[in-house]
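Following are the structures in question.
In the two complexes that follow, subunit A is the common piece, with subunit B as its partner first and subunit C second.
Up next, the complex of A and B:
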């Protein structure tokens, strides 16, 4: 029983970070109906960002996370202007291909520069034992950071002019343009925010798991499952979706082999698509 | 429109150039041959070696093409690069020494034809077919890992090319009835059995063992054999579970391990998952007395884990500390061949910026040595003659004892070589150092037991 409880806590802590990653994917989908296939490699870039800042400059990895966030935002806006903007009104296949090309470019360059060797941010915040549970400092910090980021995103979307613009563009781009919303800038900002969330998730994951340039793929898949679970286009739903997935990953291995985890996750994915395609928490649209 | 097309082309070209430049910077020795050898056809062994000496028996030079793939990208990148570095060093050593000289004065040199297999089985099959047919390689060396080697072995057999496998311990590839494939490594079935013996010698009261392993061809065959062996020895296997190769979160396993409270954990898979597992066991303060992992611990980079590496034991195909010498060959009644371990280490470090060779590097070099010795003993470059020599090979290299099973059931399986077990220990000055702890006769230190 103890280890079931410990597994749930482990799963919940991880789930927060999964939630942040999925939020990035779902925000971009919600605002501009683009499925960002470069999501995984951007998560991996976030991991490498923290790694380079920590090992190269000797800066605390949590300061690294903040720097990665800023770089992620800028990178996202750059990707938007270079690859996505021209095809934003084209059929979905074009944006899929555009973001897939970005994926291939990042993976190709990343493999050439970093090779596929595993990297490790050798940083520990220690652990704390409460009865049967051992809480790892780095995971607790990541979970708290994820909550703060979600709160920040929520405040940004609902309390600022830019946030209102984003919601307006997500709701009806033509109408928003007619009301004087600079839609191109807002789309670029939204894409930037999406990649910022992905890179921050990667940066936080790098503080407790080792990674390679190919490591983002797993989290990209999880982000899709979570996005569908929470409702594509609904950032808050993504956080809850992340928590659900994290807890499932904690609980399933306690009564069956861990290899069943992805099977059950994708069964759930298909079930949600069949029974409640708008997601458990309902999409915004 | 025209301008933007030009701009796009320029961008693409620039990116291509950048990729090529970066890709080329892999740490291979300067003399490494160009990837696609087009020299093999006209210098092929069969055409030149048997030609009658017309006027004078002048030294004829034959260049044999050795074909193999390297995982320059993908998950096997680290170990594969080391293996290929070892192989390239062997080739460079032989060629720099003027080649092998056969009794008729023929000088044999080697050239490589190699491609990036991307750690991908399908690519391996495509590329070995290309190496065997278009590039007309004379002999093959396996890629790294059992999975990739199984794919390459099919092709070697199909085209009747002798292949020395290295970095591939799984037994199953040698139980398919193949006749052209010879294994340099200790097979998986004998990989962890020594760890069980070591545990028995350390603590007769330890009875509960947990096996947590990567779901791959290699690790599964290792732990299945070790589990059967442990049960034979009276151990209670309290947990036996595999994880996906991509696993980064071992939390669920660690919680299960805590619940099962074993005396010993055995398992792992390859470098990445093994080092992650060790790190997380340490972070969660799991109290286990004996912790043995496959592949990862013998790698020099494992020490980067710091405290998490302390006390971890790992089986190794070869260690620089292992002292195989002409004297030990004489004692064992075997022929000695090739450089001493120290010579290999110093040459390797000189060739690769001081990088310490791992057993993968030694395995790559040893695969070349086996082929070299077979060609010399056959006194011919004819693949059939070389094949016949390999059948009866029984010698000691710096890498260890080499002898192949020739029975139809397990043809080519390595039956001479055996593992050494290392443990990471404190060297007294606060740094981590590898010590050989098993077998007893080769041990350089006592085992730290229970694990700190």
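Up next, the complex of A and C:
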């Protein structure tokens, strides 16, 4: 029983990080109806960002996470202007191919530079024991950071002018443009925020799991499951979806082999699509 | 001199040309109407003026400057504001947030409080419903909100596409009253209407658009008496 409880707590902590990864995917979809197929490689870049800053420069990995956030924002805006903007009004296949090509470029260059061998950020925050459960320090910090980021995202979207512009562009781009909103810049900013969330999620995951340049793919798939679970285009739904997935990942290995985790996750994915395609928490209309 | 001038504009969508050298001007401080049958190109004209579609030929001038190639948001910054067809509200935002969005242009921001009071006075219904989502309003209230949002932008020229569409006549009369108030405040207005009779009744000057060209123009009172207009658009 204690073991199950500990697994649930562990899964919950991880779930917060999954939540912000999925938030990045779902924010971009919600604002501009683009599925970002470069989501996984950007998560991996976040991992390598923190790794290089820590092992290369000897900087504390949590300062690295902040730097990764800034770089992630800039990278996303660059990707938007170079690859996405020219096809933003084209059918979905074009935006899928555009982001998929970014995916291939990052993976190709990343494999050439870093090879596909695993890395890890050799940094420990120790652990703490609360009664029967032991919590890894790095996971607790990652969960708290994820909560703060979610709060920050909400404050940004609901309390600032730029945030209100993002919601307006998501709701009705032409109307926003007619009201004086530079919609192209707002779309680039939204894409940047989406990739910032993905890269930060990667950076946080790198503080407790080993990774390769290809590791983002797994988290990209999880982001899809979470996004659909929480309702695509609904960032708070993504956080709850992340928690649900995290808990499942905690519980499933207690009674069946770990290799079954993705199978059950995708069974859930298909079930949600069949029974409640708008997600548990409702999607953007 | 006209504050807004459309000079021989040709435009359309993809391969389909809609406007074939349309020419018109809005005199400062006047209420001008642009009327014509469904499909004559009225909405295309407005979308071209705003820059939502680029003119293929010709140019758009505002206050003596060529603004043909400015994006729509830059035109809103100058004070050229469109209340689009079908209202195009921010349906997920509250009434008040919709109004705040209207005040996005830099020139409108310092006047946000005064303009909010003004539109709430013009449309008390919006004040009652200010916390409600834009998408939950009735058709008439949505149209009020669309016009009010345009006023919040502190327009120099306010263009309204199909103000009367789908609304009960009593509501339309109320909205036309509001336009007269805006005109008294010095705002230049363009009313684009399928309801030719009403548009000519309230405007100073009128243009009749047919097949992508201005077919007739003149003081609205004279247009309303014109035999061709009476036969083709007023059913008399």
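Here is the rule we go by: the second predicted complex is superposed on the first by the 285 of 285 C-alpha atoms of A that agree within 3 Å, B and C clash if a C-alpha of one lies under 4 Å from a C-alpha of the other, contacts with A are read in each partner's own complex, and residues count from 1 in each chain.
Here, a residue touches a chain if its C-beta (ideal position, glycine included) is under 8 Å from a C-beta of that chain, and two chains touch if they have at least 3 such contacts.
Since we're looking at a predicted model, the values are computed, not measured.
Participant: When the two structures are overlaid on chain A, which partner does A:275 contact: first (subunit B), second (subunit C), both, or neither?
Facilitator: So A:275 meets neither subunit B nor subunit C here.
Participant: Of the partners subunit B and subunit C, which touch A:165 in the superposed model: first, second, both, neither?
Facilitator: So A:165 only meets subunit C here.
Participant: Tell me which partner A:174 touches in the superposition: subunit B (first), subunit C (second), both or neither.
Facilitator: second
Participant: Contact-wise, after the overlay, does A:218 reach subunit B, subunit C, both or neither (first, second, both, neither)?
Facilitator: First partner only, subunit B.
Participant: Who touches more of subunit A, subunit B or subunit C?
Facilitator: B
Participant: For A:183, using the defined touch cut-off, is the partner it touches subunit B, subunit C, both, or neither? Pick first, second, both or neither.
Facilitator: second
Participant: Now for A:129: first (subunit B), second (subunit C), both, or neither, which partner does it touch?
Facilitator: first
Participant: What part of subunit A is shared between its subunit B contacts and its subunit C contacts?
Facilitator: none
Participant: In their shared complex, at which residues does subunit C touch subunit A?
Facilitator: Result: residues 50, 52, 71-73, 76-77, 81-82, 84, 88-93, 97, 100-102, 104-106, 108, 149, 153 of subunit C touch subunit A.
Participant: Along subunit A, where are the residues that touch subunit C in the complex?
Facilitator: Going by the criterion above, the answer is residues 164-165, 167-168, 171-172, 174-184, 285.
Participant: Taking the touch rule as given, give the residues of subunit A at its contact with subunit B in the complex, in rising order.
Facilitator: Listed in rising order, the residues are 2-3, 6-7, 10-11, 14, 105, 108-109, 111-113, 115-118, 120, 122, 124, 127, 129, 134, 136, 209-212, 214-215, 218, 249-250, 252-254, 257-259, 262.
Participant: How about subunit B: which of its residues touch subunit A in the complex?
Facilitator: Residues 15, 18-19, 22-23, 26, 73-75, 77-78, 81, 119, 215, 241-244, 246-249, 251-253, 255-256, 258-259, 271-272, 275-276, 279, 283-285, 304-306.
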